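Next come the structures, one after another.
You will see two complexes here that share chain A, one where it goes with chain B and one where it goes with chain C.
After this line comes the complex of A and B, so read on.
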């Protein structure tokens, strides 16, 4: 395609190598002015790398960038910013204990004549921006006190404050609740209406269909084409992204529940600020069934899971798995057959600088199968890990002695799932098990949960993705303000009604 | 050429680059202050390798900082910053002296007793710091700095106390000779020994003119054992997991608080051992009044960081450090270059080893330059073809 001034950004034949590894090879991107252009690809496909090149963080080895039809070499972020390109990174880059205003003007400070900061002026400019785009952001709040969705809006404001015309959003929805996602998509519409151009990176198909005009697909660093979103479907996009047909429907047989494995009674849990987050919650999970907890982030899910595995104190109530296990220790919970896929794998699930094999035995390293006496047997660990890698198709194969930090998110999650499932748990808690994963990996996680159920394990699925809870669970329990406010068999309840319960509006 | 790039990407390259930069800057300083750099370097080398006595002294002086270096590395690898090595070292000397003066057993019992009680002293102090962190959340750096001073004054208190003060001196009583750990202490002063040594001047230098003792062997042994502990044992695995991600460690059933206390206990014990070995191995075999921290613990920090916190790496690192300090003294005496320049140099080396990305960065620069050259070359050939 020839350079054309009706395109805000054109990247032609972009190739980028890291050492011997080719992250991008001959990738094209053509973004029309005043449109939302999605970039779709699995984890590790090279989406972020492509955008980092546009933002000047990396230099392409080959290829040309055109802005408004004229070639530009972008040698650094400052150059990108002065050409009207702004980027909101996957991981926010905000100063936690600064206020919103201070963060927004950081790097482009508003100064008085003597070179001192003019906070009044800055605050006013921020307020103007907030009003202009209808953001609900308090300019005086500290970043550490505001929600993730709000922090993201601060990042967007920061880019707008510097005069961004083209806004790059890297996986903006990965960290948001469904409500916040709705708000973000609304904001994107408004921005386009006011003349901006948006490039959004994602691997969530629904969002693309809802928000984007066009979509460029990258698979393992290769350009797979650009599609007109209105002419496309979820299945279509998914197949292009992973290179094979993906089953987006979760297939399973009806559950045959057995005896109660997890019995939570009158559980009360406070968070570290002393606020009651779980307020007398009752819940039962039977062998051979999947109970899904639906609810908006922050309604006590985290405290519930943490109390079950004794990571936090239960103020009152009991957690019974065979016997009462509340307020003992995580070790004791594991000993009672409780396995957990934690919500934040980097924080709770993995020791990132350690090898894959070391991470595979995190809970079991002191068992006699992994060493004699005080010594750890690295050969046995290696063998065991090879088995997991093979059985769960963890990639790259042969990564036993590599740092787990080098694996893609989906494969890191596979290591956790492999390690938890291989212990044949009585109760498997899956907390946001598909967070940040792409369709292929999501399909795998769901299949594994169902096969564990069919083996006879009790599964507690806690997820902020309503679709996931509705698709996978046999029983759906809605949590609101630390209590279960409704329980439904799968298929007996619609999204609307569940949404109502999740917002606290359901009939008691 | 690409061998160079590969080498620069290895961790040890960063250390070597830092050492090189440190040496260069030190030489520059020597030049600026008006001394002859060639003579300085030559004197330094002579001061380290010039005689068996010098070499031996370098080894002797490396012993305590090798141990404190191992202690600091060990703690650092498990997520703790043991800046209290100094205090734990001092407590080791105090306990070793008290026990060594008060008890008098045959050497086979006395030596282990004195050495191990010193180590135990350091271990308990370390454990206290660990406990305060694990239970009350007080940062180990704060408690460490405070205990360093408490130990310094405790030492002075013991030196001046009635029970231990050696009259007309600023030291305590020396420990009973059955606790000495020099090599062949009796034989080398016996008639037979002197006779033999007279015919072997090299050995005479080493044995009679220095306090050659078993400390360094013990320290090397400890460095290796601690390395194995960290890398190959279940305990080391747990400690590392806690150090690298204590949330995930806790979630997977590892007792994090116990681990913090245990780690500081071991680290402190190694520092205490360093103190005890200095009492048993080196004249005057007792405590002296301290006006300031002697720096055995703090130098351990430098040794550890130059070694990239590898316990076995602390062996060359401590020898290097000790050689600079000891050779630096000769440089000051002979050439007149202030030994502070040596300190500056060590500071610079530590500073640059703290930038682990330096060598990879150089490797990147080389590669970039090369790929640019290749590109130009490709373009030239293209141009010729056209």
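After this line comes the complex of A and C, so read on.
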């Protein structure tokens, strides 16, 4: 396509290599002015890399960028900003202990003489913007004290403050409640109406259908085409993104719950700053059922899981799995049949510099099946790992003695799941089990959770992805400020209602 | 009354080098670079001031030169920890090991193999030598480096909190990726702050050799840099907080001296431990509670956000 001034952004033949790895290969992007253009792709497909090139954080090895029909070389964020491009990063780029105003003007400060800050003028300019776009943001609040949705609006204000005409939103809905998502989509409509152009990076199909006009699809760094969203369905987009047909629906039979396996009573947990994060929480999980905890990040999920497996001290209350296991040790929890798929596989799940086989036996390395006395039997570990690799289709096959850091995220997660599930746990805790995984790997994780349930395990699923909780769980419990504020059977509650509970507004 | 004035005078005298060092620590750490090397940079400042003071007979030139050499000593720390993302503690320790060696070498080289410099010129006292001489008030007549320290503390505070450079520096120390995306040069900011940190530490060293003892000895700087770092933490990484902490440590030292001269049956060796014991106690009590800049000690590598 020829450069054309009716397009706000055109990127032609973009190629980007990191060492030997080609992150993007001949990718095109054409974004019409005053439209919402989605960029769809799996994790690691290169969406964010493409946008970082547009924003000047990386330089393309090949290709040309046209802004409003004229070629530009963007060598840094400063050029991008002065050419009217603003970016809202997935992980917010906000200084937590600065105020809203300070964050907005950082790098483009409102100054009096000799570089002194003119806070009054800055505050006024921020307030003007807030009023112009109808955002609810307090210019004097500190970032650490405001909600995630509000932080995101501060990020958008940051771009608008610098006169952005084109806004890049990187996975903007990942951290929002359904209500906040509605609000964001409304804001996007308003911005387009006022003449802005929006590029939204996402892997969520629903939101593309709701918000975007056009959608460019990238698969493993390659351009898969641009589609008119109004002519597409969720299934079309998913197939284009993954390269095969995927089953978006989670299929399972009704649960047949047995006796209570996990019984949490009046649990109180403080975080490392001494603030109460779990405040008298009660929860029961039965054998043969999946209980999903829905809630926004930071409502006590992490502390709850850590207390169940004795990684954190429980101030009060009991955790019963057969007998009371709170405030013992993770090892004791494992001995009682508790397995955990941790939320952050790199921090908690794996020892990245170690081999796949070593990682596979982390919890049982001291058992006689893997060695004698103080010696490990590497042959037996290798054999055992080969069995796991085969059974769980971990790729590349034959990776027993390779460092696990070299595996893809999905395969690393498979190693963890294989390790945990093979122990035939009585209670399986899955904390964000599909974080950062692509559609195919997500399908595998969900199937495994369900087959474990059918085997008779009690499953506690904790996830920040509401769709996941709603699709996979038999029972949905909503956590808010460290308490379960509502419990529902699957299918008896809608997204809207759950969203209200997650935001603390549910019926008491 | 006389004792109080004496105590105050000695407190100011001993707190002065600490304030310079602590301000250096604040500037570097608020920009996200841990600077364990303050001690070493103070040693370099101490020897440079003594040598320059001896040969030029001008304490002001000596003071400035000490700052420059302090900054020069900070340069390898900046290169290692900013450009090469090295472990900042290791780099700082290296400076602390290297600096006393350089200082002793320079001392022997310039002063005919002596491990101690001859007497050198001193910075003037704030109110002149003749002021109230012989009375107890003379104890308050500390040398000008004390005033310079206080003025610098005010300046550092003003720049940090009231100017755009300060806002950028603090942003770089808290969330360098955020600063980077707004077009702020993280590396440049950190370089400047580490160099300024070295300069301030150099002044601190000078304030010992040409302010207090008027010669360089191997024990002129004996832990002041580390006490200054403790003051940074105790003062919650703010210029005035750090100054207050330095005053407290200075007061302990003064107390040790005054009590040592009295009739108390405490051995002077025990008393001279006081400032160091105080430092440990304060660190134990406060190190967990005060909140360091988020990116303090974390190298910034572009792209790994």
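Going forward, the second predicted complex is superposed on the first by the 330 of 508 C-alpha atoms of A that agree within 3 Å, B and C clash if a C-alpha of one lies under 4 Å from a C-alpha of the other, contacts with A are read in each partner's own complex, and residues count from 1 in each chain.
Simple rule for what comes next: contacts are C-beta pairs under 8 Å (C-beta built on N, C-alpha and C of every residue); 3 or more make two chains touch, one makes a residue touch a chain.
No experiment lies behind these values; they were computed from the predicted model shown.
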* To do: State whether A:95 touches chain B only (first), chain C only (second), both chains, or neither.
  => second
* Which holds for A:331: it touches chain B only (first), chain C only (second), both, or neither? -> first
* First (chain B), second (chain C), both or neither touched by A:375 -> first
* After lining up the shared chain so the two structures overlap, which partner does A:351 touch, if you call chain B first and chain C second: first, second, both or neither? -> first
* Once bound in the complex, which stretches of chain A touch chain C? -> 55, 57-58, 76-78, 81, 87, 89, 91, 93-98, 102-103, 105-109, 111, 114-117, 158
* Structure fact -> Touching chain B in the complex, chain A uses residues 61, 309, 311, 329-331, 333-334, 340, 342, 347-354, 358, 362-363, 365-366, 371, 374-376, 378
* **chain B residues touching chain A - in the complex, by the definition given at the top** => 232-238, 240-241, 244-245, 247-255, 371
* Structure fact -> Per the touch rule above, chain C residues touching chain A in the complex are 162-165, 167-168, 170-171, 174-175, 177-184, 294, 302-303, 305
